[in-house]
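You will see subunit A twice below: alongside subunit B first, and alongside subunit C after that.
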Partner chain A sequence: MRLRGLFLWDIRFQAKYGFYFLYAVLTVIYTIIILAVPENWREKTATVLIFSDPAAMGLFFMGAIILLEKSQHTPCAFAVSPVRPAEYIISKVGSLATVSFVVAAALALAADVTNLCIVLLGTVISSTIFTLLAIIIATNIISLNQFILWVVPVEILCFVPAILHLFQITPGWLRHYPLNVCMEMLAGFTPSIAGIFLVMVLIVFLFFLSKHCVVKMWNGMGGVKL
Partner chain B sequence: MKAIRLSFFQMLQYMRRDMMLFVACFAPILAGLMFRYAIPFLEIVLTDLFNLPAIISPYYALIDIFFAMLSPVMFCFVSAMVSLEEVDENTAAYLFITPLGKTGYLAARFGVPAVIAFIITTILLPVFKLTSLSFVEIISLTIGGTLQGIIISLLIVTLSSNKLEGMAVTKLSTLMIFGAVIPFFIKHNIQYVLFLLPAFWIGKAISENTPFCVLLAFALSAIWIFFLLKQYLQKI
Partner chain C sequence: MIQVSNLSFSYTKKPFISDMTFSVSKGEIFGFLGPSGAGKSTLQKILIGMLTTYQGSVKVNGIECKERTKSFYEEIGVDFEFSTMYEKLTARENLEFFRSLYQKKGRPINTLLEMVGLEQDADKRVSEYSKGMKSRLNFIKALLHDPVLLCLDEPTSGLDPTNSRMMKNLILAERAKGKTILLTTHNMQDAAELCDRVAFIVGGKICALDSPHNLIMSRGAATVTYTWLDNGEHSISCPLNQISSDEQLRKLIAENRLQSIHSSEPTLNDIFMDITGRTLL
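== the complex of A and B ==
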């Protein structure tokens, strides 16, 4: 019940601050790009677009979301409410993954991808990883510029190997790198068991780390720059 | 003038706290090194891999356009973020009633960073360019890039009332830069759908070697800046 309330609150928050309008516009622009490129490039273009934007939207927005919550003193309320850090994280991950899912579905349909289910599952998994990473960063920063700076190395580590992997210019052993597994799924390929296992291990690790960071943030409220 | 200088240094101190100042100083050089050396290297690798005579090199001029826009957009974006934080914290309203005033505030937050970005780009573009640009072309691209940076920062502060909206507007407004891509890839008249974007005319000027289009880009930028400034001043 609490989780449902948090999830709906996050959805309302995102709608209020123009997320849905923004992604409606971006979906139209990306669809035009997909339809404008030659037919044999469409699937790869859609894969790169889905991976770098709807799936990674948490990496772009989470800093602003958490800083705005701080300036509205929301974490203070969470700290004394029955809401658990795990619920707070699941709600953030779930609400952003929902937007990612819808945008990715529209782009995948525009590109006429061969394996829609795998692509959408890959989008949700990628979105979960990116949002968890963003929560870890956002809970440890005090300004938006700082968030933008800390996200850059994370983006390099996540995007460069995955995009190189999509174009098959990475060594074989990097196939099991979790973000490369996600990219494979976004490209419509069924991942290996070992790859999926490593992705799950990474998600569990990031979840517990982000939980620790959220607890630290809630406990530290009052002494930070709001 | 003293108030503008002090306000600008206050912003620099704020940026220094976030390490943003350090990054803003070195990012154009790092990006320039990457553009100048990594892209031609990547071109060699890709042409070998796909057995094609050229893949990226026909678009080196486009990469030069992006490099000319990089520093201004980055500097103005950082200033816009500082300005949004000041609006969130209600300090901007207090600054307006000091000797700095609204005009001084605008000059310190957007004018001075734009001038610095212009100077830096004028120095770095001849060093890191991938095509043989003349002096006039370099200055034109730099002015176009600087005006683009001002437009993006004004869009951010005018259309958003907090950091989160600011990030959403940033995402949309930076897409304006990609107007420069269109004349390189779409030769059909449908390209004129984007005629309102200054970057589109800069791309057209370079891709089709029509210097007149740069003047159109400047005129369009002036109109954008005029209306955005008017809106921003009404908002604050």
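== the complex of A and C ==
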């Protein structure tokens, strides 16, 4: 009940901040790009676009949303409300995953990908990972500059191996690197059992870590300057 | 409602709040007074379960704060010393959002807005609110879910005299409904008027705890100060209950030579000065 309410409110907040408008425009631009490239390049283009934007948007947007909440002291209000940290996180992850899903679906359909289900599942999984990472970073820092400082290395660690993986440049020991597995799914391949298992382990780990960080932020009461 | 026994707490290794024991009963307005940095907000944070690494026992509404679950907050309303609203949403949207977090149905939003005179501005964004409007809005946010315990951190700061009066009446009205209210303030007049009992906190310790009336009486009688001219101005004070034996004063009255005469009753302010002055020495 409360979770559903939180989720709907998160959607409302994102709409208020012009987030959906921005993504509507971006979707149109990406679709034009996909339709502009030669037909045999479309699927790969769509994979790269989906990975770098709808899937990874959580990294920036969730960071921005949490920093904004901190600047308005709403974490204190959550701290003294019956909302559980898990509900807060699931609602945030779910609301962004929904947008990721819709945008990725539009791009995948435009590119006429072969394995739509796997692509969309990969999108939701990647979006979850990136949003959780953003929550962990944003709860621990106090300024936008600091956020950017932390996001860049995380981005390199997440993006570089995955992009290389898409072009089959992967050292053996990174075969089941979770972000590589996500990229495989976005490219329409069914992942290996080991790969999926590692992705799940990563998500569970990030979820518990983000729960810990959210509790720390709520009870920390610190202000934030933007 | 609240039982605190042998409470100790510190943010650092150095002892801060040490060995506090007191209790607050249902339907009471209990004030925390003391200089800046004394630990009032810290103590409030412990009582509302935001700091759980304390020693000793703190029971609120029958629950040990250390072991609280999140449903503990269904019955607690907190008004922080700063605004905790989404600036981009309107006042009404904010209230709707925060009410949706509680299981209880709570109080009607329109009634609350009318109570603090914000019904005209309900559909304005909070970012367009003035400081005083924000504090009134944050106050009704604490009442949204009709909690049994209210925790107010400086509820009258930043309000004009009319709104401050209104806020105090609202606080008294909550007590009349049987709510327990914890209050921090730097305004001694408000404290004397609102609180059934006050605790003076200095350096993490309770230095005095009683009703404002008893504290004021304990300081001794009111004094009378009078001045007269006699080769320059002279001024003398004597206790009000001994003026009949003040020969000087009787003589001045008989000769109509008094320049001025004032009586001054001790106030909570004097108690504050005494207590904090004594401990700061």
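Operating definition for what follows: the second predicted complex is superposed on the first by the 221 of 226 C-alpha atoms of A that agree within 3 Å, B and C clash if a C-alpha of one lies under 4 Å from a C-alpha of the other, contacts with A are read in each partner's own complex, and residues count from 1 in each chain.
As a convention for this text, contacts are C-beta pairs under 8 Å (C-beta built on N, C-alpha and C of every residue); 3 or more make two chains touch, one makes a residue touch a chain.
Please read all numbers here as calculations on a predicted model, not as lab measurements.
Quick check for you: in the superposed arrangement, does A:Y17 touch first (subunit B), second (subunit C), both or neither?
A:Y17 contacts both subunit B and subunit C.
First (subunit B), second (subunit C), both or neither: which does A:K44 touch?
A:K44 contacts neither subunit B nor subunit C.
Under the stated touch criterion, which partner chain does A:V83 make contact with: subunit B (first), subunit C (second), both, or neither?
Only subunit C; A:V83 stays clear of subunit B.
Of the two partner chains, subunit B (first) and subunit C (second), which one does A:R175 touch, if any: first, second, both, or neither?
So A:R175 meets neither subunit B nor subunit C here.
Examine A:F60 and indicate which partner it touches, taking first as subunit B and second as subunit C; both and neither are also allowed.
Touch status of A:F60: first partner only.
Once the complexes are superposed, what residues of subunit A are shared between the subunit B interface and the subunit C interface?
On subunit A, the residues that contact subunit B in one structure and subunit C in the other are 17.
Under the definition above, what is the set of subunit A residues touching subunit C in their complex?
Residue positions touching the partner: 2, 5-6, 9, 13, 16-17, 69, 72-74, 76-77, 79-84, 218-219, 221, 223.
Per the contact definition, I'd like the list of subunit A residues that touch subunit B in the complex.
Touch list, subunit A to subunit B: 17-19, 22, 25-26, 29, 36, 60-61, 63-65, 67-68, 71, 143-146, 148-149, 169.
Going by the contact rule set out above, which residues of subunit C touch subunit A in the complex?
On the subunit C side, the touching residues are 45, 48-51, 70-74, 76, 78, 80, 82-89, 97-98, 100-103, 141.
In their shared complex, at which residues does subunit B touch subunit A?
Touching subunit A from subunit B are residues 15, 17-20, 23, 45, 49, 78, 81-82, 84-85, 88, 162-168, 171-172, 175, 185-186.
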